[in-house]
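You will see two complexes here that share subunit A, one where it goes with subunit B and one where it goes with subunit C.
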Partner chain A sequence: MKPAIELENLSKKFGKNKAVDNLSLQVPAGCIFGFLGPNGAGKTTTIKMMLGLMRPDGGQGRVLGRDIVRESEAIRRKTGYVAEIQEMYRYMTVQEIISFCKPFYTGWNDRLAKKYLEFFQLPRGEKIKNLSKGMKTQLALILAMAPEPELLILDEPTSGLDTINRQEFLRIILEEIALQGRTVFLSSHLLHDVERVADLVAIIKHGKLIDIRSIDELKTTVKKIRVVFQKEVPAELFSRPGIRSYTREGSAYVVSVENNLQDILADFKKYPYFTFDIIDQNLEEIFLEKVKGDKK
Partner chain B sequence: MWYYVDPHSGIPIYVQLKEQIKKAVATGLLAEGQQMPSVRELALQLTINPNTVAKVYQELEREGVLQTARGLGSFVAKRRKDFGPQQESSLDNALEKLMVEAYQLSVDADTLYARFTEKLAAWKDRLKKGAEGQ
Partner chain C sequence: MNGTLLRKELRETRWKLVLGTAVLAATAIFLPLSFNFLKDLISAIPPEQLERFGGMMPANIFNDYSLYLWSQWNAKNLAQIGTILAVLVGMNLIAGEISGQTAGFLLTRPISRRSVFLTKALTGMLILISMVWFSTIVMVITAHFTPYTVDAGRLLLTTVITTLGLLVLFSLTLLFSTLIDEPVKAAGATLLVILLLVFCGWIEPLRFLNIFYHMNGAQYFIGGTFPVVSTAIMCAAAVVLLAAGLRLFEKKEF
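Moving on to the complex of A and B:
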């Protein structure tokens, strides 16, 4: 299957600050991709370059098979985008902005727009400037989904929503986009939402890719081992590839593993121990360790 | 049946869901021939990725727990009566793991045997209650 997004050494500088630094990644079509990073990691800049709203200083990229610099208009026609900050014409009413956006697209789905206007109970006659932050986000989602895009890009979409609305928002994305075999690119620092729905996650920091893996693989291989051996063990045991770090307190070790878990477990279990615990790590714990650890 | 997953646990969602279904089938909560919810239904009900549900169903089908009839959906499979070399080797692997663990914990063979018999009796009891509850 063709990837929906391919970025190759993409870079963008603002003055001396490298906002995006040689970023390469691939997003397979039909998946839900979580794009994670702390604030200021370069997530929004990357998205803007993917949509041709900002020009890269180096590298290249293709979105839905089109070049992000030369064919960005074609990309935008096939891509739904919910920005972090909703910049819609404040003086228009809900109905007016829908009528305004519709002619830009050939595949606009009126039924879908109507369904979700009713679902969210958005008042058609109300001016956008009078809507709450949550309502603006809901309206932006409708405007992004109605053209039935092949790719939906969401930049911190749920930050203005409460817990119930966030879950609803995710369910709608699953129903209208993921279950139709389309691709979702979900950028967020809210790990809970990503953890629930993503297939693949990428973690970026200072514009650089730190890790990209399936969420299932992250959760099955990134673990902590807490072990108390019965006798002294050789120090080489902890220098195996896949061990990120370890701490020792007397005969107790806490070992952070990020790869080759099964081999490491087999090696450790050659030595008699008193206790041996494998501690699962959720996405938040994995994220914090990676983002804190890779200081540069 | 009521399904539940904790997306914020360190255990992958597909593992949680798979174990839950296997256990429900083993205890008779899901009966032979019973229809499973569709991938779409379960994904929306739990607000999780449809690919995750599909992966669980595929793996359970491969393990003989579920059966998929094209166009009709997934059903709880008939319990396999055959105990071939493949099944034998899975069982041996599981037992060997148990014994290695016991050795490393300095549990002697008699204690292990006693605990195993105790657990097996409790498990049989549960299966019986499950069957009566149907």
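Moving on to the complex of A and C:
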């Protein structure tokens, strides 16, 4: 099966600042893809290039098999997009913005739009300027989903929602979209949300891809080892491939491992120790570890 | 061109259409009816004092009712009010989407930028043409209720020339609306360029730069020959300005 998104050495500069720096990644069709990175990492710029709002300075990309520069209109025909800042025409009512968007799409599903309007309890006659941030996000999601897109791109979609609505939003992504075999590209800083729904995550920093793996792989290979050795151990022990960083307090070490866990464990256990714990990490901890910095 | 977008643009510009038409139509009704009043007023002023007005309203225009209407409509009020309306209609079309942060929403719909730009340009032109022609027809109809003879055909043909000039000014505004992300600043920049061109027009060799010189239709209305060169210049200017705006819009990043 063709990937839903293929980016190859995609680059974008603003002045001297490289917002996206030779970014290459593939998003398999039908998966929920978490796109993570700190503020200013280049997540929104990448999305804007995928949708034709910005032109890449270098590299190339294909979304749903179409070129992101030459065929962006065709991409947008099959892609739903919920932006980080939901600005729509403030003078329109909920029903009017739906009626405005509908003619742009051939596959618009009125039943689906009605279903989500009722689900989110959005008043059809209310003007957009009177909607809360959360309601605008819900409306944007309806507008993105009603055309039944093959790909849904969500840029920080849950940031304006309260806990209950966030849960419902994620449930919709899981149950209504992903189960229908559609691809979801979810950019978010709410790592708990991404962890709940994503199959695959990519982490970017300063526009560069740091890591791309499945959530399961990430959680089984990225661990922390807390060990108190009985005597001094050679420093080379901590420079093995797969060790990202470590901290030391006396003979106690906390070691962050991102690969080769079994080999590292075997090496460590060659030295006598008082305590030895392998600590699971959630996505947030893994993310922070990865974007934080270099080995100590 | 996109029908959905056209309806949205018409809705957003409807108050400008209503108010612009009202102002132009009120002027159009006032001009034919004020002929006698102005004629008496001007004739009461001694000729040596009349010269102080710098020929703003030469007495000979009262010898010909159609000439009076042309001088006060095409060469003055329609050109001046129409310029303001052209700028008002064009300033928001692109810059308004950017300053209102709705450009991203619109451009993530499956519609080409060319279609967005051309639809917006067409909407603005339709609105401008509607205002100009509704009021011009109102003026001609009003003039027919006066005891004087009106050369309606000549006035209407001159209005085609004036309309073309206003479309050039609208295209210039649309270009600035694409270039500058703030509508008021886009309008300011357009007016500045228009003023600059008017000042250039005061210098004889640069007179061709003054758009008002081309759009008043004097060569046709007074001289009797159709201003082919002026018409060609205005057509070319409108096309070049629109093409430049379109190219800029297609390359713009949001």
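Convention: the second predicted complex is superposed on the first by the 291 of 296 C-alpha atoms of A that agree within 3 Å, B and C clash if a C-alpha of one lies under 4 Å from a C-alpha of the other, contacts with A are read in each partner's own complex, and residues count from 1 in each chain.
One rule holds for everything that comes next: a contact is a pair of C-beta atoms (placed from the backbone, for glycine too) under 8 Å apart; a residue touches a chain by one contact, two chains touch by 3 or more.
A quick note: this is a predicted structure, and the numbers were derived from the prediction, not measured.
With the C-alpha superposition on subunit A as described, subunit C and subunit B fit side by side in the combined arrangement. By the touch criterion defined above, A:Arg77 reaches subunit C but does not reach subunit B. Of the two partner chains placed around the shared chain by superposition, subunit B is the only one that A:Ile215 touches, whereas subunit C remains out of contact.
More subunit A residues lie in contact with B than with the other chain of the pair subunit B and subunit C. When the two structures are aligned on the shared chain, A:Leu25 is found in touch with neither subunit B nor subunit C.
When the shared chain is aligned, subunit B comes close enough to touch A:Asp199, but subunit C does not. Contacts of A:Glu87 after superposition: subunit C is touched, whereas subunit B is not reached.
Of the two partner chains, subunit B is the only one that A:Phe276 touches; subunit C does not reach it.
Legend: residue contacts after superposition of the two complexes on their common chain; A:Tyr105 is shown touching subunit C, with no touch to subunit B. Applying the stated contact rule after C-alpha superposition, one finds that A:Met135 touches neither subunit B nor subunit C. In the superposed pair of complexes, A:Arg55 makes contact with subunit C only, with no contact to subunit B. The least CA distance from subunit B to subunit C in the superposed model is 27 Å. Of all residues in subunit B, those touching subunit A in their complex are 7-15, 40, 43-44, 47-52, 100, 104, 106. For subunit A in complex with subunit C, the touching residues are 48, 51-55, 73-74, 76-77, 81, 83, 85-91, 100-101, 103-105.
Listed in rising order, the residues of subunit A touching subunit B in the complex are 31-32, 167, 170-171, 174-175, 178-179, 192, 195-199, 215-216, 219-220, 223, 269, 272-273, 276, 279-285.
Listing the residues of subunit C that touch subunit A in their complex gives 3-4, 8, 12, 100-102, 104-105, 107-112, 251, 253-254.
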